[in-house]
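Before anything else, here is the set of structures, which you'll find just below.
Next come two complexes built around chain A: one with chain B, the other with chain C.
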Partner chain A sequence: MLNALGRRRRMVLGCGSVVVFVGAWEIAFSTVVRWDPFFITKPSLIAAAFREQILGGKLWKDMAVSGEAFLAGFALAVVVGIPVGAVMGWRRRAEYALDPLLTALYASPLIALAPLLIITMGVGIVAKAVLVFLLAVFPFIFNTFAGVRCTDPLLINVVRAFGGRERDLYLKVILPGVVPYIVAGARLAIGRGLIGILVGEFYAASEGLGFAISRFGDTYRLPEMFTGILVLAVVAVGLTGAVRKLEAMVAPWRAGQQER
Partner chain B sequence: MARARAGARDWERYGLGVGCLVLPLAVWEIVPRLVTLPRGAKLFFAMPSQIVVALYRLVESGEFQGHFAVSAAEFLLGLGLSIVVGLPLGLLLGRFKTLDDLLDPYVTSFNATPRIVWLPLLILWFGIGIWSKVVIVFIGAVFPLLINTYEGVRNADRVLVNVVRSFGGREWQVMKVVVLPNALPYIVAGLRLAIGRAILGVVVGEFFGASRGLGYMIASAASGYRADVMFAGVLVFMALSLGLTLSVKALETRLTRWRPQATKTF
Partner chain C sequence: MDYIVANDLTVTFRPANRNPLTALAGFGLRVARGEFVSLVGPSGCGKSTFLNVVLGLLRADAGEIRIDGRAIAGPSPDRAMVFQEFGLLPWRTVLGNVELGLELKGVAPAARQRRAAELIDLVGLRGFERHYPHELSGGMKQRVGLARALATDPNVLLMDEPFASLDAQTRDLMQAELLQIWDQSKKTVLFVTHSIEEAAYLSDRVVVVSARPGRHKAEIPVRLPRPRDYEMRLSPEFNDLKLAIWTALKEELTATRT
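Coming up: the complex of A and B.
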């Protein structure tokens, strides 16, 4: 656990190293190194491209297109994944039936289905949303499953002993116990969902953030491409950070004891 | 009585599990034989039996082996490189606080961002030969290894570290006796994640910038409406991924067996 001083030190050193890195990159490419603009770029050009893209509005449109598909797929993953996981955790037969199939699917690279999905469903939002769903649903299923399974039997017995009904069991014991697991699952699902969006848009799309990145790459417009990468990184770090905060809020006892 | 009940339960377990694996395949195989599919759907469709036949033909003609060798080379080189870099770096970050503070922003932001986003740039830099894929596999697989090693090193028991130090142990002895044995299960768990990321890198990298490899085979079969070949490629990836993940998982269970409580990894 970091104390306040340690956290401050980490902050300062971390920011310092980023500033030094960007500064060194800029200075090296402005003075020392002869460079090829088709091959690499420098921070000041990226900043200029970033400004232009933000003001031009194209970037916002791309983000909206990608965001829509992401949200649709992600919402579907939540709506399907949590009930399936809950049933698997609560009913042993459901676990027996679904566990091998779902484990096999979870472990296999479903992204390999991307060409099929896009060719059958077109380059619009549907194929991308389905891809996001396929990748993001498994963390929800398995984490909800684990959460329900890890419910303290003692607590269940307490509710039963005091004459609680099935409903009380769900609302007072299982749900509060499961929420932290679901939030942890959401964090994994975000990363996988973003992969789905990117691959879908790299493969075939006419707009969207992934499409913008790959098109700028194909046309050797590196500053614009780095802008896209930067935006995606900010979104990804922001979403993950927000979920981590949420995790610390709903389950303070679990904070900091998981892999990143 | 109890044993009979347990036997029935086992039977129920395997019966249901296998049934749910086989049933979709059976439906997939049988329904197209009973119902005539519209012409359009046929373009994207292949029954399991056709997929197996397609796979057999690919192997027979040697086409499969060619693609497989390329993909395997990318996978092994990328994963090997990520082990060579990830483990020592994770060890250093875990042991030296200042280095950890300096590099943390990069590790965190790279790890949160899907590494696939670098693919267009890597293709620009390394071309469509195997090296762009090796690098994408590397940057995908290195972070789980690095981070898990780091966590394993950080979680080393302080008391044990102090014991080794009190008896005059040096830093490398602390590493050998306490830190590494403690980190090993974490590293293996990281390896399991890394394998998944590496396969993802191979598949996606070959979709977009390649002229050989299994991912390329899938993408070109899809755009040529050869659904049987495409599914055959997907099947191979699934089998490989599953086989590798499960064997590392088995290793993981073995390595954590002596622990009082299993390390949670999900």
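Coming up: the complex of A and C.
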């Protein structure tokens, strides 16, 4: 039975393996393994650095700076991506015109444009937000497109049969049908957007989480660097988890179809 | 005898990049008020197309069709369809689905929820108002479809192979329930099916439609008493009926194969 284990049990198992992994790392590096602090570190040192960063305040500032740029780029991706995807879904001509171009861009490692963006727009929130936008917009475009295309023609007929006019078709069939696709797109866009903010800050920034990570790496302050990575991982998991919850709320009828 | 009158109906589909397809050619039918008429015929013969014309979703290219003397101008709360694949909106609860027709008609929320609840009770789904379609079995989904169709109290009920997606037992059950519900309301029913047995069991009259393009080929009146019960299906009269329907249908089935 796939659902045999309750939520609590699953959480315990999941956390358990993390604990075992961290524990083994710590024990091995404290006793048996000889390691060079330039190249690796161990959990207890990371924990200490973590504590220091949280209490010291720099961590929060960095998160705020990165967060601001991320949100700006992400919001733009939503506002541009959804309508473009919708138009592509509605009008075949738009699809034929835009699909090859957008697919090519989606597949390209746009992250490689990061240095170029920094050169043209300077170090700061604008360049970072643009990079986030470039990476996050595509899942919104393609998912909205898919959502509109996947509208069940039977349901269109049903609503028309019961007296629905054009407006009713949009509000009662197309829109509710598209929402789960858009939210799934958001989940993908978050992952890609976070990469954008991170790499953007690697290249040239004076503040922010990605900047902190790369600076600590460059100066061989590994525990601090891992702290940054850890924080980013937690944020990523938190955001994706929140969107998954949103997906489940927004599309309860798909809950039975997917396990994740 | 003249509540629904179809005369010489022709419907041709013209899909892009394909040859035109004439679904109905010169199709005629007269249905009396309160009559239960089944349409049987080979696949693709136009039975569903006819239903869609009566519903108002399709326009005939030639011929005329009138209900109670009036031409059909599009869908109306007066005619409702029960679909073979159920067609329930997955993002709405059972209640939300049943009240769809009333909602589109402009009925106020309190009134339409009350009416929807009545119908949900009528089809035996009391307690399931807040369930979603994906949580229901096939039979339950079709009951929702039936409740939805009855919600606006239409005079004409159009049923397009409504029980085809259900297993045999559920199908028998639903047939009996349909007859019960129909007995109380005496709506005019047009019922499309592939099952001769189902057609004979439910109807006052079985119309055999020819192979594509569909024409009115034959009619077999069903003179069994009402209310119908399951044992009637085992009687010799019933067998004669099925034979008569089959004889008319048989030619059309082989015709399609060529």
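Assume the second predicted complex is superposed on the first by the 242 of 260 C-alpha atoms of A that agree within 3 Å, B and C clash if a C-alpha of one lies under 4 Å from a C-alpha of the other, contacts with A are read in each partner's own complex, and residues count from 1 in each chain.
Criterion: a residue touches a chain if its C-beta (ideal position, glycine included) is under 8 Å from a C-beta of that chain, and two chains touch if they have at least 3 such contacts.
Predicted model only: the values in this text are computed from it and were never measured.
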Partner chain in contact with A:251 - chain B first, chain C second, else both or neither: second
Touching partner for A:97 - first (chain B), second (chain C), both, neither: first
First, second, both or neither for A:233, with chain B first and chain C second: first
First (chain B), second (chain C), both or neither touched by A:203: first
Which of chain B and chain C A:158 touches, first, second, both or neither: second
Which of chain B and chain C A:173 touches, first, second, both or neither: second
Residues of chain A touched, compared between chain B and chain C (which is higher): B
Chain B versus chain C as contact partner of A:19, first or second or both or neither: neither
Doubly contacted residues of chain A, that is, touched by chain B and again by chain C: none
List of chain A residues in touch with chain C within their complex: 154-155, 157-164, 168, 172-173, 176-177, 251-254, 256-257
Chain C to chain A touching residues, read off their complex: 55-57, 75-77, 80-81, 83, 85, 87, 89-91, 100-101, 104-105, 132-135, 148, 152
Sites on chain B touched by chain A in the complex: 12-13, 16-21, 24, 44, 98, 101-106, 108-109, 111-114, 116-121, 123-125, 147-148, 151, 189, 196, 199-200, 203-204, 207-208, 215, 218-219, 222-223, 225, 227, 230, 233-234, 237-238, 241-242, 245-246, 264-266
Chain A - residues contacting chain B, complex: 9-10, 13-18, 38-39, 93, 96-101, 104, 107-109, 111-116, 119-120, 142-143, 146, 184, 191, 194-195, 198-199, 202-203, 210, 213-214, 216-218, 220, 222, 225, 228-229, 232-233, 236-237, 240-241, 258-260
